[in-house]
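In what follows, a structure is listed as structure tokens, so that the remarks can point back to it.
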């Protein structure tokens, strides 16, 4: 681990600084609502050039999210963003999916499931501030939050998996359906479609396109106020209830889903296609 | 019970007059469709100043709805509206939720469940004519009907429960999802959001904003014609089938849901928050 | 069976020519994508004057679809369209529903279920090119495909069943919900509503209104390219997973659904209403 960059509240800084790495940075903002002041943790992915979801990044992200979500830190909201220019996250680290064995692949997939679960079930309201490409696994992170803001930039948001022979497994399909409905999910996944921020807004994949000069992270912090001003018990009770089918499915069937994903990914034609796609990328 | 105000068809009047009170008024309109004349019952809530869903109102409403829905009265459609200026219904009577015991709370909640069930499963097409604030429990009444019209006024429609520490339980969440989808349901419930009529139209929470000079109740009566002109057997068969999951859940799990609601509501921090909120309201 | 009209690829022609009839015509187009050339089968219904889904048409359609969907023919996409002016399909052949017995009705319904199942589970991307009225059973065919294009014409799209006393059974309700959500499904079915192409676009019942001078079938063939350019394994895996609940329900409960449909249709009041409706149609 390299030098840890944590800014803001001194007390919080000490409790987190042990756990974050150069790949996942955390800073804190204090936001004034109508009812109170709120502490917001800003988590920034920092894995240049495109914020690939590497094993180390996922592991660090998972620890960070779990820490912030535990209630004893007086954190009221969470922004997930990028510290890399032009990329929120380009998705899975494809190298983790090839020349691997079932055990290693399974561990990697389990990290994704953990991050997703922590975000999707968080008591703390969460927002994704998307200021660059948000593809495949990047979308899985984004849809696990409570609110999605994209800047008005020249980048794409979508799940391209089908184009390179990879699948978005059932649980993530369910999460995407929860956000944009079954028809738009089907179109996006079966065409491997990538949307502009405006198109993504139209289908509900994001909630706002942010156009002003305000920094997207400040803007995202403020977008949490309507959530933070509600009662934490009532809000959390309803959040978990509204998402209960998806959460239960994840908790009961995660091993099974992990196995099915490995079966699909390790089959020779899928491996072949992926290896050849990675070669193409490296030539570019 | 105070003097009963029932207007219209003499025969119908006699059968209902025993059961309605000053809190729930019923009148009848005859509407000309292309195929036939249709009798529409107009049920108006009359509990000033804001049509709180008091125990008495719910009890009277339930009897009224059950009577109208039984087929022997030759009623083809039902409008639910308000007789109180600026308010369709502001929701639950909060006083019923505090300084109470499990038994009383349970009875009160059961009345809400009954009204909702009668409306949601009605063979007769139903429409909500919303001419003023429609909040929390008011929305639960509205989404249990087949069609929602709001006048083009300066009022709000939404479920504010989370703001005051109350929950909209799973069954009502399911009904709202059925109307506006899971994403918009989540946003409304987790932010305690209130929409203008135009905003409510945009997310599908209402079906029409009524702008002309025509009385909203006449307009609502006419909006039932497309439903009333279809075959009652085919229409009812499909209505119950389209809503079967929600109805079955209600019928099988209503006691359990009632218990879970009481558990949540009677917990000390929820009671504390509610008592303090009611005090604030009274000071205003 | 009359003379078979099959055009296009000689090799494909021979394998299909035995199975198609005058009621279901097949021709082939080769389309250039970015990655490859794709062979598209164009299936045209040809049962004037309104493409009623007669027993013979359904039987021929079913064989045709099964043949095309089997992978050994190197077909990459499928267009379903009409060869009859002003009509995609007006729906079920009503005469099959009256003066019948349970056994015959059951066989007829089973043919519909088969066609629907073959289309809905097809590995090959499918599109409906709708160039005229698409009603009731016609909508069931259309929603079973992956993409729906309607020309910008003066015709209607909708499920009118409730108007004539017929039901769209639960499985087809589920398929329609999958496309347009539960609220719009409810409105369409309970009002027996018919939409213009522009209205159908707005609620998502079709995906595009085709306005240019290009032949709608050429246009539909090209609309398959984004699907055909993805990986067949990944795309099919996700398609079947996204639709798994509906497919499983069909496979497990088709007999039961077939029985329930027969029970409803054979009841005396439904038969009476249908006979009288057919008489009205014949007088016109």
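Order of writing sets the chain letters: A, B and C. Residues in each chain are counted from 1.
Methods note: contacts are C-beta pairs under 8 Å (C-beta built on N, C-alpha and C of every residue); 3 or more make two chains touch, one makes a residue touch a chain.
Just so we're on the same page, UniProt names per chain: A, B, C = Enoyl-CoA hydratase.
Keep in mind the model is a prediction, meaning the values are calculated, not measured.
*Asks:* If you check the contacts of subunit A and subunit B, which chains show up for both?
*Replies:* Expected: C.
*Asks:* So if I superpose subunit A on subunit C by CA, what angle comes out, to the nearest 5°?
*Replies:* A turn of 120 degrees brings the C-alpha atoms of subunit A onto subunit C.
*Asks:* Measure off the straight-line distance from the CA centroid of subunit B to the CA centroid of subunit C, and report it in whole Å.
*Replies:* Roughly 39 Å separates the two chain centres.
*Asks:* Would you please write down the residue numbers of subunit B that are in contact with two or more other chains?
*Replies:* Within subunit B, the residues that touch at least two other chains are 181.
*Asks:* Which of the residues in subunit A come into contact with subunit C in the complex?
*Replies:* Listed in rising order, the residues of subunit A that touch subunit C are 161-170, 173, 177, 181-183, 185-187, 189-193, 264, 267, 269-270, 273.
*Asks:* Which residues of subunit B touch subunit C in the complex?
*Replies:* The touching residues are 125, 146, 178-181, 204, 207, 226-227, 229-231, 233-235, 237-239, 241-244.
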